[in-house]
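Multiple structures are listed underneath, in structure tokens.
Shared chain: subunit A. Partners: subunit B in the first complex, subunit C in the second.
Moving on, here comes the complex of A and B:
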């Protein structure tokens, strides 16, 4: 959603996640690597197109879900090694769809 | 007693349990009421004193500060019993009530609110600002303590689940939320089988698996279904399983107390692919229904596990053997009080020939399962047998090990001999010493084999040193420190990941560090009831010690 200069280089510290309805989320590479699926896509040895362009299209995840996912990626990044963490809030009605997305993204 | 009861009328004759102290206090005539009255009197007295003091202050405010301070300090002193040196409050004090703050050395006037403190052996008061700072510090310390306690609790809870505390994954958070709101869910959608199984297990644990929630897990293509707590599932739900999921091959239903005769018949006829059935607690199924079931499923039944029912009779067992015996690869009979005929047990070897998994545990009488039966069973099934569980068959002796397991079981991988108190060192060492036909066991339980000592356990370790993954030596009291020393000098168990050595008194700090060293993959070490294992033990990083008595959270 943030409109910044498009990162293109493979070693850029940011990657762009694109939701099914076309919104772009520029997140830290570190945060994106929390997700096993994204990690695989961004692996430079994998020769995925995503690894070169640093843009990942997530056709099955809409912007509402993706925003929550991104929120979790940063939550995980921040509290990974801490025990005393605040609860991660999820609206109840979103939980099932989010579970599907989380299952896909392996987070 | 009687006279006292007449004396105090309001005392009822019905009483809960009493401590000796309560009884003593009552005898002395000390009751809650008396104590309260005393407190009230004391408060009134104090009230009066305070009134007198303030009056005096009001009349000659300027000259009497000294006295006021004295009153205040004496009161404080009265409250603070531990503080026993009398005059240290006066160190930095002028006759007119001025003092220098102990922290910032500013000159200030002492009031009743000034905080007494001690710095480097000097006692004195703090100025108003420093008092505030002190109070804030104390409050923060308290809050930190509460948070630290919460943190320790989380870590401890994870430890008891044999896991390390880690941030919950997004899937876990969602699964938890869904489980809490399961009544609102109409269908799961594509959440993946792993998540499905997770939710099912959580619902079982919460006891919220019922006629409504169970339908969420049914799917026409399903081949395997596990419900771990069916106690709230009514008879119709069982029918639904068979009606909605015709392709099921493995069905596991625990606590299925509401499973009816009709349900079992329906399952038998409507699940043509069913090969493995596990039922825990199906006590409504009658003898004739069991016989019908076995007649229908016949030889396609490959695995049959039944636990905790007294209605499964000797005749049911015979029917199982006659109809399905030749095809059975897995058989569990555990805690079956209806099976009480020795001849029925004795015909097991005549029907069962290709078992891979055999569990006969906790028979209703120990003489039902004897050495001859097990030796016979092993002589026909030993070639294929991978899992043998004989927990609680306390009638078994060394003969089972020496003439049964040793000669006939080359492929055995899991052996559980829990509570076999007649197994001795002699038998165990004969079994494991140079047991060349078997390449090594992966899972061994000698839990509560109370007659065993080092001489029996050590040969087992030696034999399976390169394969053993899970080992249970809980309550094998005879193990001494010598064994750990031998182990340390001569053995390395490269794959061992989980060891339960609870209630073995010889486990001390040294043993823990030895285990950490000789078992490089060991991650879980259970030491419940090992009093000699203390805080001092050196625990290798990556090894989790569970149940240490000195651990407090």
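Moving on, here comes the complex of A and C:
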């Protein structure tokens, strides 16, 4: 439960994504909102705990995978209105897991 | 001609990851517990043997892969009518396996036949090969093996050669009994008499 004496927490421009192995990634709210799943979790009207604390625990995604996801979130934010965009490289050994993560996060 | 303008934006991570997986489908041998809707494009790129291996490791996919097996069946064996065994319709997977087994058996039979034919040809080749002998066979044997000529001219020439051979064989015996060797002649001192006196 969020302390009402800290109203700025809910309006923080940053959110924290926590991997299954405990690593925390502080990302811009705008980047996190690229993901449909995270957008739903952070929706103030949803009354989710994540929306109040700005901390999202992702039990299914480990730190290596989450780092790549965060990289994509920023890539999407940067080039979403560009025509000539560089290719987003992903390691072959990670592609299946990324597919699962992308499906879960709706990104 | 106007070049079509590219639309702004980027591909979703889902699209990027799926494209990458499809591109490297040959490297994927197990999909774990991934749901079918995510791996379907990957499975469609796999040959029948790989698909069967993945199904063995991930049985939850079997109930959804009927369409893929049907496409494989039509691609490799042409349009097949659905068959029934004991009243129940056989799955495309089972039909494919049956057709594949049949095809392999036919291939094996053809390969075996070819091997036998090659073996027989090699045996015939060995029998007809040229071999070295220690001594030359005698004339009588050679004469018996003389070829038959279809032309009368060649037959006449052949008979003339045979008769000459007989004549020359007799002359050689006569010459051997009455002449000295070349070496013996050379060693003898030369006569001082003139040619004319020798004739007389």
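By definition in this document, the second predicted complex is superposed on the first by the 99 of 107 C-alpha atoms of A that agree within 3 Å, B and C clash if a C-alpha of one lies under 4 Å from a C-alpha of the other, contacts with A are read in each partner's own complex, and residues count from 1 in each chain.
Simple rule for what comes next: contacts are C-beta pairs under 8 Å (C-beta built on N, C-alpha and C of every residue); 3 or more make two chains touch, one makes a residue touch a chain.
Predicted model only: the values in this text are computed from it and were never measured.
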item: Which of subunit B and subunit C A:72 touches, first, second, both or neither; value: both
item: Partner chain(s) touched by A:59 [first = subunit B, second = subunit C, both, neither]; value: neither
item: Touched partner set for A:98, first subunit B, second subunit C, both or neither; value: both
item: Touching both subunit B and subunit C, residues of subunit A; value: 69, 72, 76, 79-80, 82-85, 88, 90, 92, 95-96, 98-100, 102-103, 105, 107
item: Contact set on subunit A toward subunit C in their complex; value: 69, 72, 75-76, 79-85, 88, 90, 92, 95-96, 98-103, 105, 107
item: Parts of subunit A lying in touch with subunit B, wherever the complex brings them together; value: 69, 72, 76, 79-80, 82-85, 88, 90, 92, 95-100, 102-103, 105, 107
item: Parts of subunit C lying in touch with subunit A, wherever the complex brings them together; value: 5-14, 16-18, 20-21, 24, 27-28, 31-32, 34, 38
item: Subunit A contact footprint on subunit B (complex, rising order); value: 147, 150-151, 154-155, 165, 167-171, 173-175, 177-178, 181, 184-185, 188-192, 194-195
